[in-house]
Amino acid sequence: MKKKSDLENILAGVADGSVDIKDALHLLRRSGVEDVGFARIDHGRRERCGFPEVIFAESKQPTQISVIAKRIVASGEPLLITRLDEAKYKYLKTKLPKLQYNEQARAAYLTRKAPKRQAGLLIVTAGTSDIPVAEEAAVTCETLGYAPERLYDVGVAGIHRLLAQSDKLGQAKVIIVVAGMEGALPSVVGGLVEVPVIAVPTSVGYGTSFVGIAPLLSMLNSCSSGVTVVNIDNGFGAAMAAMRMMRLLEKKA
Amino acid sequence: MKKKSDLENILAGVADGSVDIKDALHLLRRSGVEDVGFARIDHGRRERCGFPEVIFAESKQPTQISVIAKRIVASGEPLLITRLDEAKYKYLKTKLPKLQYNEQARAAYLTRKAPKRQAGLLIVTAGTSDIPVAEEAAVTCETLGYAPERLYDVGVAGIHRLLAQSDKLGQAKVIIVVAGMEGALPSVVGGLVEVPVIAVPTSVGYGTSFVGIAPLLSMLNSCSSGVTVVNIDNGFGAAMAAMRMMRLLEKKA
Amino acid sequence: MKKKSDLENILAGVADGSVDIKDALHLLRRSGVEDVGFARIDHGRRERCGFPEVIFAESKQPTQISVIAKRIVASGEPLLITRLDEAKYKYLKTKLPKLQYNEQARAAYLTRKAPKRQAGLLIVTAGTSDIPVAEEAAVTCETLGYAPERLYDVGVAGIHRLLAQSDKLGQAKVIIVVAGMEGALPSVVGGLVEVPVIAVPTSVGYGTSFVGIAPLLSMLNSCSSGVTVVNIDNGFGAAMAAMRMMRLLEKKA
Amino acid sequence: MKKKSDLENILAGVADGSVDIKDALHLLRRSGVEDVGFARIDHGRRERCGFPEVIFAESKQPTQISVIAKRIVASGEPLLITRLDEAKYKYLKTKLPKLQYNEQARAAYLTRKAPKRQAGLLIVTAGTSDIPVAEEAAVTCETLGYAPERLYDVGVAGIHRLLAQSDKLGQAKVIIVVAGMEGALPSVVGGLVEVPVIAVPTSVGYGTSFVGIAPLLSMLNSCSSGVTVVNIDNGFGAAMAAMRMMRLLEKKA
Amino acid sequence: MKKKSDLENILAGVADGSVDIKDALHLLRRSGVEDVGFARIDHGRRERCGFPEVIFAESKQPTQISVIAKRIVASGEPLLITRLDEAKYKYLKTKLPKLQYNEQARAAYLTRKAPKRQAGLLIVTAGTSDIPVAEEAAVTCETLGYAPERLYDVGVAGIHRLLAQSDKLGQAKVIIVVAGMEGALPSVVGGLVEVPVIAVPTSVGYGTSFVGIAPLLSMLNSCSSGVTVVNIDNGFGAAMAAMRMMRLLEKKA
Amino acid sequence: MKKKSDLENILAGVADGSVDIKDALHLLRRSGVEDVGFARIDHGRRERCGFPEVIFAESKQPTQISVIAKRIVASGEPLLITRLDEAKYKYLKTKLPKLQYNEQARAAYLTRKAPKRQAGLLIVTAGTSDIPVAEEAAVTCETLGYAPERLYDVGVAGIHRLLAQSDKLGQAKVIIVVAGMEGALPSVVGGLVEVPVIAVPTSVGYGTSFVGIAPLLSMLNSCSSGVTVVNIDNGFGAAMAAMRMMRLLEKKA
Amino acid sequence: MKKKSDLENILAGVADGSVDIKDALHLLRRSGVEDVGFARIDHGRRERCGFPEVIFAESKQPTQISVIAKRIVASGEPLLITRLDEAKYKYLKTKLPKLQYNEQARAAYLTRKAPKRQAGLLIVTAGTSDIPVAEEAAVTCETLGYAPERLYDVGVAGIHRLLAQSDKLGQAKVIIVVAGMEGALPSVVGGLVEVPVIAVPTSVGYGTSFVGIAPLLSMLNSCSSGVTVVNIDNGFGAAMAAMRMMRLLEKKA
Amino acid sequence: MKKKSDLENILAGVADGSVDIKDALHLLRRSGVEDVGFARIDHGRRERCGFPEVIFAESKQPTQISVIAKRIVASGEPLLITRLDEAKYKYLKTKLPKLQYNEQARAAYLTRKAPKRQAGLLIVTAGTSDIPVAEEAAVTCETLGYAPERLYDVGVAGIHRLLAQSDKLGQAKVIIVVAGMEGALPSVVGGLVEVPVIAVPTSVGYGTSFVGIAPLLSMLNSCSSGVTVVNIDNGFGAAMAAMRMMRLLEKKA
């Protein structure tokens, strides 16, 4: 069998008996790469990782984003573009007129009617200033079929604001906690619930917050066991992690 | 009133007049905490967080560990003591003769016949030197009823060693990936599977590994979306996070 | 039930049957918090911490600030908005015409006739460039009823400038010392007085000042015992700390 | 002329001719300093700063400590020696037989019958491992006449342990909060009380705690306004700061 | 005496009396350097190091660049100007009309018909965002006569994209691997080939990528032995290193 | 009493009764300081430190600079303003029409006919990009009467460029060496001469130069004994240090 | 074809025509892994990367090292064990009696009669203290058949010591430069030769050398183009890189 | 030809035919270097830099130190060995029986009757703990003929201790200021004198002193112009710098 066989080749092999089913499964995931010169689009990602390729726009040129975006749309997958500033969005809008934009999250998306996914994903922020990162997480979830609940501005300086929402905490299946400054909120939440807690440090703060290092270190050193952490301001990554977990709810043990 | 009374119990007492208001205020917040002078043991932790209190031995005195350990045993919970050096273990063994010790993991434990929990927890290491951290994770899981599978020494310098084990990766429900040096393995694993991947950086290395900062940064910057990270050498925390996730398999969506 | 009801009120309601147990649980922890969607304003803060909620404007949108500001004004508390650039101030001025602005401090405020508070708060700077941070502290104090004295540009390169002001130092009850560059001034002041000294490192300097790390480290390592430190450029926090201390003067021992 | 002569005394001598100008220049600045060759003991410190000189033993030789200690004892002041390891203590004990030692705090002291000072100083720790630092603070206070109350092991992973002690928090005049790992406790305490809160980061933890940097940054970035911070593991300094504040209670406003 | 005179020439002059000793001292060390006031152009560099002087434009003024560029052109060497923004390029274009510009690489060049050099130089990137740094390397090689092959966007999140190109890897003589984020690609490549691998970390990423520190540390800690590293974003330096190696192919062993 | 009265004058006043004791206390320490509200100009600095006060403009407002500048001019001292951007310069030019500006050094000055000072001050740079920092040093020297010699672009990549100038090195009395990137030049110079070498790291470079940290560390770790270092980009400070040394030449041993 | 085919299987496939030669080549390199439980020995490494697996002993247990070492010896490859302290060596010596030890390099080896490899590898150190790292590089080369020349203690504080050895520099094909403190030597060497220069920072120094960070940064910022860098104290890695380059001399262009 | 022949001698040899050109090339650069295998002793250093080679013992083996020491003694220069622990000293004492040892400075020396050098070198410390570093500076000076004055324990917490010694400060020609903790003393001294001030940060302190980084940064950011800095704990380097300056007193302007 040739190296660069694509889906058709593999399936043809299964059809004529030259490839057995187990081998086909492996081949299936090793293919699916589309070469557009400056990029190799990984159409097999959903099959391997459970979600399609997402475009991180920050250091890409508008024309590059446009080319990749069109290929993803053509593949029938939902489109999500993160870290997209407004100027780039306006350019893309001329190419993909149905593209929508969440200004706070700085993310554009184009969704299809997806089947509703599991409920139970909760996104919490310590302060009002952490909302943009939380919204990046929320938009990511929504584009892929989840409907996260939001609980914003319940930081530890007024701990009763959080305690007052223990119902919401108790109903959640997976919780994303977004916090800047001293980043103490995930520790408190982690001590109140038994479900997975994903901590997202934000660059909110000044001086010794060191653009997010202070809350990052807090979260990595959480005295509440089993809290996990993603990169600073990485709302997208937290959402992806949350969805990897949410999917466990659909599996039989 | 009993130790494990919850809020409803206390308020019910107020409503029926058996508890007066001032006492209620104290009870409301004191439930489940045992005060032993230098420590306040949190017996309610399992109810809140799904697992009992675990003793981090590193900066505690042997006598302090002994007191806390006995109270946990008395409460009927499994006992786990992490970061316990051999000298302290020998002292504790005289107090708790049934205590067992995992030398590589530097952890002591005393288990009861626990009902078997979910299968599907996989622990992977990049190198042989990362095994102690992986074993801390493994012992933690085992003490609490899980039976993790181990896949050691499959780092990226010989990527075929990992690819050769794609069956194991494919069967896992939650994967802990332990790696020092450049910490690249979680990115590769995260790109091959759709289940949660918990990355544990280790202090294995020298020079610019900066006692684990290099792999920590790698993992936080993983190009594979949805990988989450715990503190350097924190095998225990990774296990706790994994168990928070494994428990989702038992819930109905 | 009124907003500022405290725990006793709620429990009394339970005891006399006017509040049922489930409702009590919510009320118990929700007292004094006003939910405006993107923020939960903590009106109970003065009662708990002795001062009302203050708005940190840096990463908030003008409309968000406006909403929160109006609620604070409505609650009858003095209004203080810090880290407010001029553009945002101009927008707010259209919503709150009586708002005043201190350009150096980049703070807006709206005060009511407050009873005069304790005298004895002294604010010292090492250089002229540290004045904006000192003014943020001064405006904060003034908004809340204190009348701090200012002593500016008395850094250690000309130590006699400070020694010449030993009268002012001697009369102070609490001293805030603001310094950038090498941040040596709090050590010298701390060695001359017996009252509390709050050190504020500033980002004044270049190169190895590392945007304030150099003076921060100096202050944390002060050889004058009992000097405490706040975040870089945190004039507001220093003022808050100073007022927590000044209030001790009003208490009976 | 006597040792504790102050500026007025010297100038009076000039005015009445008993001190000539050149001598005055020297006296003016030399008052209260005792030169023992390798050290200049600052006997005037109590007069200037409200407390006598304390010996930091860590990088001093036993013989040096012994010489300084004897001079302080001779001056009639209470003696306190911090960061004193057991070997050095044993040597000093042969020189100063009445010397006492607090093993956890690694501090030696020799007190006189001091008049009782203000009550209301509260020392709180997040965990059991933070106790040595808290004890350094406690011993310092006790040597100088204060009787601090202790509240240990009330960290945020079980936030109810702290809330259960709100009575103690409410009665405190000044609170020292000692915490390692993520250092979140001072933020929570600062949000519950109106009195001064002094945060002490400890080097308890591992990996990304970076020997205390993680809690230090948390505390400097506290979202609870007016929390001040001292150096890592600096229980002594926190006590000194607390006493500068406690003394305000004795002053008339 | 001519510009490129070497040591032997000068000493020969001394031996035959045509150069006196004092002059020789100066000549001995001044050969090949042209002094243009603000710069000393090193025309002897090709002879010593195998390649001519290249202009790093970032912190030079346009007029300075212009003067140096003209001297290099006059010397008959190929001209390469790196880190040149578009504004400076436009100015230079008016002085050197034949100058060409690679926008992605931000490099200008002016080549002569150079003899074709060795084939076998391969430039690999992990992502699309790393292309500008890769292009700086490519332009550098091309200006000096090499024709590098490009293999872009084959990062480890989809490891099959790289494995699918093992032919290209196998044919390469020297490989430059450019990667941002976690910088894992050089380790994987280094484990697949036996030829030199030069790793270039890029500043692509955000948060804890720390403008390129994360991939830099990954590369320095590579578990694949014999990978070497250059400065962050240093495509030029990687090309120079690669050419030092490529030249070995032309030498007899 | 006159401004420049020294201690003796004041004490003489006390001795003859013309100054009473309380007043003396103030005068004693206030001599030579002019209070302009936001600044205390230290006119006594030349007497104490050998040079007048210099204005660091970076974080001062134009009006503040103008007020201080006029007072210095009025005192008869030479005026030097460093870190002055062009906009501020233009404003100042309207207030002080004779003010001159060195664009590269970003420094303004206004000199009087000063007596010529010692020759022998040499300023060396590694590259062309380091010239602005070198010029700041040069302008500072020139304003205060020195005439430094310049030797630019003799970095270690072409070590013969430096060796060719050994005459200039040999004639120097004090050498300032300015270098960015790896900052190796001061080590080489320090190994060739016996006079004081002051190393100035610059922020020239990118990536791991970390805005000057790389050359700073090089210089602090110089294997040539007796090289001293100033802050990154601190041409002014290097000049001041050099002049402190040059003045030794005028003293009798 | 089955996944876990080993060498025999592959060759058998080639023999009976079921596998064509090109495919076999790939398969060949993907096999060769021996599973010993705690490690997966990569016997195919020489084929893929040109050198056999080497044992990094630092964080491995003696028994683990022993097991792996025996397998490597059994495979017929030369054995090299780096970072091996003397205690572990003594244990291994009882298991492998012919094992030899280089004390300075802290490396053990067991060589076979290897065919002599290319000459031209030169190892240079800045100081005497850098020799252990240089020796680790030398032993590595020697074990694999190369005979490196050594040139020690030619640092830049006495630059003439290096210049005096320009013959050796001129004859080298690949140069490893080992330097601690300010790490300036690779820049000087890189400016004198046209062959590859591999810079190895060492942890020699104190204070701001930060255990090797100072020379590392110097080397990464070298103003001599095309110098590449390896991890701090990584003599082994530098040797491996050098050998990857030396092998180019054996290839036809 | 003799060892100390300089360039002129060699070239004269070429001119008169006694030295042929090829030999001259070698001699030109090899003058004054003695090759002992593992080290190249730089006997020409005094001629170039004004002081002989000094042995830094920290990472050298006793036998290496012994060989180098004997060659220096043989050359007739004074011998100084720094960073020498007591064990190594005892070994050396058996080889060089007249060797003397300063325990605090950890330095050994062997002096000859040197002509007395300039007076006026003053060494100041902030605390008692800084004395070892100060003594390293003092021993270095004394070995080379200078007689520094010592002024210890005059740190800024009791600023009057320093002011009381203004006579000593006023008489100094060059001042070395040694300080740990916050490192403020050089700024104060620099503001009081006009002579060169060399600041030496020490690793005295704990926590955020970061083994000397805090005082280092303070000193680099000194608000007193013209203070220069050496590496942490580098008493030796400070002495070398001071002597480079002291020598200016002997030169005619």
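Per-chain residue numbering starts at 1, and chain names A, B, C, D, E, F, G and H are given in the order in which the chains are listed.
One rule holds in what follows: contacts are C-beta pairs under 8 Å (C-beta built on N, C-alpha and C of every residue); 3 or more make two chains touch, one makes a residue touch a chain.
As the structure is a prediction and not an experimental result, all values here were calculated from the model.
Touching subunit D and subunit G together: B, F, H.
Superposition of subunit B on subunit D using C-alpha atoms only gives a rotation of 90 degrees, nearest 5. Placing every chain at the mean of its C-alpha atoms, the farthest one from subunit F is found to be B.
With centres defined as mean CA coordinates, subunit H is found 40 Å away from subunit E.
If you average the CA atoms of subunit F and of subunit G, the two centres end up 49 Å from each other. If you average the CA atoms of subunit A and of subunit B, the two centres end up 25 Å from each other.
One inter-chain figure worth recording: subunit A and subunit F are separated by 54 Å, centre to centre, where each centre is the mean of the chain's CA atoms.
Looking at subunit H, one finds that residues 45, 48, 157-158, 163, 190-192, 207-209, 213, 216, 220-221, 224-225, 231-232 touch two or more other chains. Screening every pair of chains for touch gives A-B, A-C, A-D, A-E, B-C, B-D, B-E, B-G, C-D, C-F, C-H, D-F, D-H, E-F, E-G, E-H, F-G, F-H, G-H.
On the side of subunit B, the complex with subunit E involves touching residues 126-127, 155-159, 163, 181-184, 187-188, 190-192, 205, 207-210, 213-215, 217-225. On the subunit H side of its complex with subunit D, the touching residues are 128-129, 131, 152-154, 157-158, 160-161, 163-164, 166, 204, 206-209. Interface residues of subunit F, counted against subunit D in their complex, comprise 7-8, 11-12, 14-15, 17, 21, 24-25, 28. Listing the residues of subunit G that touch subunit E in their complex gives 26, 29, 48-51, 54, 118, 173-174, 190-198, 216, 220-221, 224-232, 236-237, 239-253. Of all residues in subunit H, those touching subunit G in their complex are 26, 29-33, 37-40, 42, 44-45, 48, 56, 58-60, 64, 68, 83, 201, 203, 211-213, 216, 231-234.
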